[in-house]
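Okay, got some structures for you below.
Heads up, the next two complexes both have chain A, just with different partners, chain B and then chain C.
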Partner chain A sequence: MDFYFGLAQIFGVHTLLGLSAYVVLLTGQVSMAQAGFYAIGAYTAGAMTAMFGLHILPAIVIAGLVSAAIACIVGFPALRVKGLMLVVATLAFGEMVRLFFFNLSWQVERGGELFGPDGAEGFRSIRYFPENGWEVWHVTVFIWIVVAVVMAALWWMDRTRAGAVLRAVGHDEVAAQSIGLNLTAVKVGAMTAGGFIAGLGGGIYAHTVTHIEHGVFGVLLATFAIAYPILGGLGSVFGTLLAVLFIQGFLIEGLRFMGDWRSLLFGALIVLAMNLRPNGLLGEHAPRLKSILRLGKPAPDSLETKDAN
Partner chain B sequence: MLTLQSLSKHFGGVRAVDDISLTIKEGEIFGLIGPNGSGKSTTINLITGLYAPTTGTVTLDGYDLTAMAQHERTAMGVARTFQNIRLFGNLTVAQNLWVAQNGHEQRRAHFLPRWFKAGGEHGPDIEELLKFSRLHSKRDVQASALSFGEMRRLEMARALASNPRVLLLDEPAAGASQEDGQLLAERIRDVRDRGVTVLLIEHMMELVMGISDSIGVLNFGRKIAEGSPAEIQANQDVRAAYLGSKHKDEDLIHA
Partner chain C sequence: MKLKALLKAGVLGVSTLAMASVAAAQDKTIRIVGFGAASGVVGIFGQNSSAAMSAAFEKINAEGGVELADGSKAMIETEYYDDRCNAEEGISVLRRIASTDALVAIGPTCSNVAEPLFGILQAKVDDEGDTGLQFPVFTDVAIKGGLAGISEWVFRNTPSESQMYDDLFAWLRTNHPDLKTIYGGVEEDFAHSRFTWYSVMKTAAEKHGFEVVGEAQWLLSDTNFSNQARGMRRAEPDVVAISAHPFTTCGMLREMTRQRIQPKILVGLTSSSSLETLSGCANEAEGLTIPTSFAPVNEEAKAAAEAVVAKGGQMDLHSASAWENAMILKDIIEAAEIGGTPETLEEDRRKIRDALAELENAPGLLGSNKRLPDGEAVKPYVFVHAKDGSWDVLHNPGS
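The block that comes next holds the complex of A and B.
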């Protein structure tokens, strides 16, 4: 049973990682820096609990805020470049973060034991959960509450002007500027929000594995981060969740029995999925929950049309 | 009201706009015409800030816009449409207008959902604009699903939603039929009657001659004439630029 809870934990933190890229992708920016923000969140939250003895909640919030602040600072210069150049610039930032933690050694003594990141050895003993008697299923529920809160916040944002503004910028920057939107503010805002979510995810991840090292925050993780919203589609937050389940659940865990052939099939299935659903698994315009629940009845849109005529 | 002072834009050696000075008066419809490549669209792009001018200034009511970013110019009251329609196809009709509303009320309601009534105080209300553009029945339709004519109307409504003082229309009749042209002329007059000054760039000569209070003519990036429609029709330089000097009067009108 613990195996499945463990899986659910991986799905949860990867959903947060994917959602952080989703927000940025809404404005049309492909950011490979999300793994970097995730790493910053992981090391920060780990330091907060293991080195300074904080509770898990403030620790992950601080991790989110630190990642958000760095995302904001990085956003200003990075978002001046577009398309492939942005991919390269954010990729470079991600590698910079990874190499920073590769070299970072900073340990403090607590109860006769050293805690903190130790360069290539990584950051060991982030044992907040076992030390405080959390069982695996407690942790799993905690993770999914955070995921649910973040998804609800983004779902809410999509129903406000803020969401429409992000999508407008993502669709056509020239038109967005012509109607008075400040592109820099919108893009940096999205980057900051994405940084916060990635920081939360990283902070939780550090505590589920208890030992983090620079290697896991590399290009592969950055690619996963951006693959989730692209594969899932930008219609709604549920696309990203579905893509995480598809990639982590089906492609990685579900196909484990295939041994070495899995990697080969992995790529092929993603290519196939993108060809069958070019706008993502849920498409760009996901069906509204409202119209799904009202199956059989005419959609509210068509009623309004009749009234107006 | 809107003044262009010795405005130039050079792309390498090409003088797309060369030392143009124009004054557009408050409340008028100003037509800007000229053959293809004469610098009309570049002029609009200089006014909205999409391009930075090589030399010269753009002022609105005495405020110098030249150094302002595009969104700041919009806040000052400059709005535009595009020759090749640029809507937010991934948003609904109402959302297209919503994002263009930039008043304080909308900013305060930035994170409130769409059923929360925002606006009114600053700039036109979305419902009113939908009625004005005869798009009320399409308010929740994806903008990419509209017909060509509806897209043109929505784009103009979106520009109006930013509460402009001057509206720049870049070939609004492109791709429209003669009848559509008539309707368009009425719409442009309606816009003017809302108190918005209009700068109209257009190829459809009938439309420009019919509704403009003043007309400016560009050729090879330079202004070759400015005056009332009657004066422009009688102008030899304009005729030469458009048709070669040997053609008759009517040809200009039906060009």
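The block that comes next holds the complex of A and C.
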């Protein structure tokens, strides 16, 4: 059973990573910096628990806040550029973060042992969960509570003016600006929110794997981060979740028995999925709960079929 | 007539029961599962390990299997999981293995997977406050120094690189007193190669009086080495040490040949003492000297190598460890009196762990492997060099 709980943990942290990119994508920006924010969250939360003995909850909140603050700072200069230039700029930031941790050595002594990042050797012994009596299922429940809170917050935001503003900027910047929306504030706000979610995800990730190193937070992870919401569709937060289940559950875990063919199929199935569902698995307009519940019932008469009196 | 029929039925019943018992005994299996990188850039290491494990267990089964606590025999069943050298996947794979009836796991391939993987295991045995996974892992390939100390459930049968390179540079100092300078080349983004250059090779070289006149870094996926080689050419070192896996070792050696860099001695990473290096760049690797814990220098090693080749793999220092692990585990299972039933699974896993912890010496293909209290091993080794497209034993420190 622990295997399935472990798998659910992977789904959870990757969903947070995907949701961090989802918020930014809503404003029409493709950010490759999410892996960098994820790394900042991972190292910060790891330091909080392993080096300073904090509880996991404040540790991941601090990790989220630190990532959010850096995302906000990065947002101002980076979001002045668009399209491919933004991709390059955020990619450069992600690499900068990775190389920062590659060079960061900062260890403190606790109980006769050294804890903390050790440059290229990485950050070992982030063992808050096992050392504090957390069983695998406890960790899984904890992760999914965090994921549920983040998803609920984003789902709620999507149904408020804030969500409409983000989507308006994403659909047509000029039109959004012409009705008085502050583009910089919206984009930087989205980047900050994305940074916070990535920081939370990274913080939890560090504790599930117990050892982190710079190499994990490279271009591949950044690509996965934006692939989840694009593959799942920007219609709702559930698209990202569905894409994570498809990639991590089916393509990676489900096809493990295929060996070398798995990597080949991995790419081919994503291309196929994008061709069959060009707007993502759930599309741009996710089905609403009401319409799902009405399945099977006759649809109300459309305007065209009504007789004019 | 009735009595005859009754007797016949009785004999038939008893014999059927006896045959069923024999069949049941023969059906008994012990599962030992391997895992590591079987695909991707370093996939060849996992494929070789898988072949070596498979060949070793086939040999054990052909010789009657393993004896269990009740005196019955059991066959060893094995399979190999691919973790693609990815930490998250490695952890997932180990959890999957632990959730089955597997007794022990052999793996992983990559040190960057081993480090987090060992972290999810219980650090100290019988520590009630530590909820880490309690499952024995007997590592064959991940060679980066000092990893077994992370958990008391981890044991490694990987050679001690610090001792091997210390011995190699001491030997070079004695046999080539004219050599003064060394230049290092390191595959920077791979845990093993990076650790081996900065913490093992460089330290050993300096200890034995070599002056490090420069370092060149590259990545596992790099294909262009011209800048790194240019720096090396300018430094004109006597010795060049390349701490990289076969793929980029060959890339660098080809570039060195193109730029006509000819050091007096070339030293390579343990993992490069494999067929991949020779099939990739036999001419350029000519003279490359590497310490290795496997070479087909005796009958047993030759036979093992042939068995692995028959399974579609190659025997090198890594896959040799997988072979040795299988053989050590056979002895352990028999000595620890393993029950081999679903009811005794947890107890059996603990017995395997305890028996591995108590082991002081274990048989190896090149001789006896010394087991250390921290779960590491010190294995016999030889120095080999690339000569005419094959690995030739240059020096045997144990002889």
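We take it that the second predicted complex is superposed on the first by the 295 of 309 C-alpha atoms of A that agree within 3 Å, B and C clash if a C-alpha of one lies under 4 Å from a C-alpha of the other, contacts with A are read in each partner's own complex, and residues count from 1 in each chain.
Rule of thumb we're sticking to: a residue touches a chain if its C-beta (ideal position, glycine included) is under 8 Å from a C-beta of that chain, and two chains touch if they have at least 3 such contacts.
The structure presented is a predicted model; accordingly, all values stated were derived computationally and were not measured.
**Q** Once chain A of both complexes is superposed, is A:3 in touch with chain B (first), chain C (second), both, or neither?
**A** In the superposition, A:3 contacts chain C only.
**Q** Touching A:260, do we find chain B (first), chain C (second), both, or neither?
**A** Only chain C; A:260 stays clear of chain B.
**Q** Just to be sure I read the superposition right, which of the two partners does A:172 touch: chain B = first, chain C = second, or both, or neither?
**A** The first partner, chain B, only.
**Q** Regarding the shared-chain residue A:160, is it in contact with chain B (first), chain C (second), both, or neither?
**A** Once the two structures are laid over each other on A, A:160 reaches chain B alone.
**Q** Is A:182 contacted by the first partner chain B, the second partner chain C, both or neither?
**A** It touches chain B, and chain C stays clear.
**Q** Touch test for A:211: chain B only (first), chain C only (second), both, or neither?
**A** Second partner only.
**Q** Between chain B and chain C, which residues of chain A are contacted by each of them?
**A** Dual-contact residues (chain A): none.
**Q** Quick one: in the complex, what on chain C touches chain A?
**A** By the definition above, chain C touches chain A via 38-40, 43, 81-82, 84, 87-89, 91-93, 95-96, 98-99, 112, 115-116, 119-120, 122-123, 129-133, 150, 188-189, 191, 194-195.
**Q** In their complex, what parts of chain A are in touch with chain C?
**A** For chain A paired with chain C, touching residues are 1-3, 6-7, 10, 120-122, 124-127, 129-136, 208-213, 215-216, 252-253, 256, 259-260, 262-263.
**Q** Which residues of chain B touch chain A in the complex?
**A** Chain B residues touching chain A: 48, 50, 69-71, 74-75, 79-80, 82, 86-91, 95-96, 98-102, 106, 109-114, 118, 136-142, 158-159, 161-162.
**Q** Which residues of chain A touch chain B in their complex?
**A** Where chain A meets chain B, its residues are 156-157, 159-162, 164-165, 167-168, 170-172, 174-183, 284-285, 300-301, 304-305, 308-309.
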